[in-house]
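Taking it in order: structure first as structure tokens, then the write-up.
Each chain carries a letter (A, B, C and D) given by its place in the written order, and its residues are counted from 1.
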Amino acid sequence: MTETITDTRALDAQAVRRDFPILQQETNGKRLVYLDSGATSQKPSAVIEALDEYYRTYNANVHRGVYRISELASERYEKSRVKVQRFVNARSSREIIFTANVTASLNMVAYTWGRANVSRDDVIVFTEMEHHSNIVPWQILSGMTGARLEFIHVTDDGYLNEEDVERALELRPKLLAVTAVSNVLGTINPIKELVARFHEVGTTVVVDAAQAVPHMPVDVREWDADFVGFTAHKMLGPTGLGVLCGRRELLEAMPPFMGGGDMIREVHLDRTRYNELPWKFEAGTPNIAGVIGLGVAVDYLSELGMDRVRAHERELVAYAMEQLAEVPDLRLFGPPPKDHGAAVSFTLADIHPHDLAHILDQENVCVRAGHHCAQPLMERYDIAATTRASFYIYNDRDDVDALVEALHKARKIFML
Amino acid sequence: MGIIAREYRHMDDFYREYILDYYRNPRNRGVIEAPDYTYEDSNPLCGDEIRMDLRVRDGVVEEVKFSGRGCAISQASASMLTEMVEGRPLEEVKQISKEDMLETLGITLTPVRVKCALLGLKVLKSSIYGLPVPDEDEP
Amino acid sequence: MTETITDTRALDAQAVRRDFPILQQETNGKRLVYLDSGATSQKPSAVIEALDEYYRTYNANVHRGVYRISELASERYEKSRVKVQRFVNARSSREIIFTANVTASLNMVAYTWGRANVSRDDVIVFTEMEHHSNIVPWQILSGMTGARLEFIHVTDDGYLNEEDVERALELRPKLLAVTAVSNVLGTINPIKELVARFHEVGTTVVVDAAQAVPHMPVDVREWDADFVGFTAHKMLGPTGLGVLCGRRELLEAMPPFMGGGDMIREVHLDRTRYNELPWKFEAGTPNIAGVIGLGVAVDYLSELGMDRVRAHERELVAYAMEQLAEVPDLRLFGPPPKDHGAAVSFTLADIHPHDLAHILDQENVCVRAGHHCAQPLMERYDIAATTRASFYIYNDRDDVDALVEALHKARKIFML
Amino acid sequence: MGIIAREYRHMDDFYREYILDYYRNPRNRGVIEAPDYTYEDSNPLCGDEIRMDLRVRDGVVEEVKFSGRGCAISQASASMLTEMVEGRPLEEVKQISKEDMLETLGITLTPVRVKCALLGLKVLKSSIYGLPVPDEDEP
């Protein structure tokens, strides 16, 4: 993937950092080195305050209220949808559906589009580097329909295996599920290219963009995928909220998922007419505060400029990989910095990642240890777990240095 | 001044007498037997329902009737709309904009009530085009 | 239903009111008369501050983190589950599943228990007073399985029709879906009795307790229903969060709903072992802040005492119904105060409820107008909509008086 | 003092030398051919895996082996546990409590790490009862 960075002003991580209340905390005189944004990002004051303002001044249910605070809540709610639409350059705000998280977005595709379109003679393809959220829904769909599952494996250095891609294309699969950026290896996949190649053989493509949308410019029209999912809490937004961005024709043809309030036009005891997009897929009272908060998060990111966010992280990840490579007994996973997103996974000698994360925490360095909801990938590399440092806009070289220093301490504790 | 007052400075009492008059004594209320164009739709958010029936001769709206139920705003504006289109060429009717409708209504509305005021126009256009037209407020 | 109120100290609505920041706002010198808690409740400072504290001081993903803020988040998250369990007296915290809203809770039952247990020869029964969220899932389930739908109609004064109940029992339905309290009529249904009668003929009973849990003591063990759903935002909690409380044996036997992170034990490319309860049904990153906030909301309600909450609302609803009955041309729906929950629906002459709510809003009185997501009920009474005033702990007689005064004003505007 | 410092005052450095020794040089690591009791389970939250095999004669644990992989805490405590139960009557083994295990381990743990420390015990009991035993920390 070649990237064109148009905005060349470097991002000022120091200034960004000041916008995040949690990063102002110190424990035992040490600042919080938060390197787990891949799991969930921290939130800037603006987002936290937007939630607060909603609950304190205009908390009301949306869509059906006539009184002013309800109108205001509805207006802000729908405005956030437009902000999200513009942020990923979707064609229409009707293509933006709010869900509970990206897991729910992907399951929605499986339960609605999947059940309506996939049958026992079909093939579903996903890759070995998928998060469980982009694996288990397709296993469930395969269980419901009898469709066959096929996989694209990964190479030793963390790329999709091109031979497997070609083999998959020959199968003319009904569905391809692929992550835009691996949450473990950091691999940035060539989504636009993959979509074009799979569209050619008639495949519907679902992209898990949970680790892409927060970290780089994403243009869903350029990708041209059929469904793209992402999750608010990883992009400065509140918990309990995901997005499914779908191609309008597909969404319109799909049966609804959950039944209930807001997704209906007319309900009779024995039958129901469904509502228009996007509400057809938003049953029940939505996460109103969450959606309003995500709108503010998207404003914050837009103001920084996603080009600059990507440039900042690319530079930081390159530095981190360079520094980490010098720690003895450390094994790095994933591709070289140029194709690498914001997450860096590694193992250190025989120190179990769980223990390692624990020791790093004593130094106020927060990293994730485990299978990262990507067990097939762990099997692929024959490891039980990795330690993962993942970066975001508020991280800088000091954070990398603190990580490396803590790793040396861990080596000492483990008498290496 | 709280957030509400700040955001809704334009709110006015808008149950003017003529609106109530259109609500209680609607012009062109009813249905047309075997209309040339007909459509019916509802506002999913509040349940207002409007049906529009048109009879067209030589490209001109000869007769138009509305029926349905809903709030004073939706019913009055549907009724006003029938008066606007009667006797006019279909091509002109297609040009009627959201702004035209709101201007005729003559009151300032909040976003939710705008949907009520525009339901009649939406149904009218759907009837002419023979398919649902999207809300005009879509970005 | 006979109620035993054990705590006789009256609830001090004035004091409660002071805990709700939104109710301190004035518009044009008038206080906010919020009578739409049936749609969503307001939130006390304690809940808003808990969200704020989470995002500002220990925001982290739950369950898989080793570092301290993640452990703290996990601990608070799981503690909230125990609080909710105790609040409704469930047997085990494993029976408490967090969802996106009660709509999602009910759909989860339809998609998992329903698809595994209901077939084309079965009958599903629900009542005419159900919210769309407790209708449409069963229509979808019927569509998926071929099961027949049957209905229990309501009487003119808003009770379930006993003859229909008996007819339904004779059908030995597979499933009964019933609301504990109607969100339109206010009817409090005799859930314990209904469950006992339907269990006798082998029916599984799903209770929509969205309007019950916030307003009265609910003991799910006493009810003995198989599934009970409710929603956080109507009980002082944040948006984007629901609860499904299910019988453990059923939950254990059910297939999972959504696939993804947290709900798995082991994932391989081609198969998956699912996690234990309750996580088996909680796929993806949950609404962490929401769950923590709900725990605080439940603490707040427990401290007030649900007996006293119910006593307060019963008294207030009786007063409201009495006052409303004196407004000329006003038609009241639902049963008399003794069987009446916190919502009171009415129509006023030929004023459309939408217009009425608008006029009341000019007086800073917030009520809901519409079909209240209960269109079959509107058809039953041959009306397009009603106006609904719904009360909660922070409402008092002054609010009722403001409502009645505004209704007189509306009559004047509409020249009645 | 922030919320974290307040809540975690008890945190101590706990990678004591003997824990590392049990991790690197585990006692009773391995499997038993045709064991009388066996069970294997994992901690879903961190992926630690433990299998326990027992050989029992006349109600007494004659031989016990553990295998699996995971963090130092889970592996060391599983190894310590095998030493605790070897040669003891099965009835006594059933009585071993969560507290006993943590006391033997000799370090203070946070809730997440407690799960690691107790995984061996959970698996051991599951093997004896022949079915999964629930987490002991359930309220």
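Basically, a contact is a pair of C-beta atoms (placed from the backbone, for glycine too) under 8 Å apart; a residue touches a chain by one contact, two chains touch by 3 or more.
No experiment lies behind these values; they were computed from the predicted model shown.
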{"item": "Maximum centroid distance from subunit C, chain identifier (CA atoms)", "value": "D"}
{"item": "Between subunit D and subunit A, distance of the C-alpha-averaged centres to the nearest whole Å", "value": "36"}
{"item": "Interchain centroid distance [CA atoms averaged], subunit C/subunit D, Å", "value": "43"}
{"item": "Subunit D: positions in contact with at least two other chains", "value": "2, 4, 11, 45-46, 113"}
{"item": "Subunit A: positions in contact with at least two other chains", "value": "25, 27, 57-58, 64-66, 68-70, 264, 266, 354, 358, 369-370, 375"}
{"item": "Listing of all chain pairs that touch each other, if any do", "value": "A-B, A-C, A-D, B-C, C-D"}
{"item": "Contact footprint of subunit C on subunit D as seen in their complex", "value": "2-4, 7-8, 11, 42, 44-46, 110-113, 134, 138-139"}
{"item": "Subunit C contact footprint on subunit B (complex, rising order)", "value": "2, 4-5, 11, 13, 15, 20, 24, 45-49, 69-73, 113, 116"}
{"item": "Partner subunit A, residues of subunit C touching it in the complex", "value": "21-22, 25, 27, 32, 36, 39-40, 42-43, 47-48, 51-52, 55-61, 64-70, 99-104, 106-107, 110-111, 128, 131-133, 135-137, 139-140, 149, 151, 231, 233, 238-242, 256-264, 266-272, 283-290, 354, 357-358, 360-361, 365-370, 373, 375-376, 379"}
{"item": "Complex contacts: residues of subunit A adjacent to subunit B", "value": "53, 57-58, 63-66, 68-72, 74-75, 82, 85, 92-94, 264-266, 275-276, 279"}
{"item": "Residue ranges of subunit A touching subunit D (in the complex, touch as defined)", "value": "25-28, 350, 352-355, 358-359, 362, 369-371, 375, 378, 384-385, 413-415"}
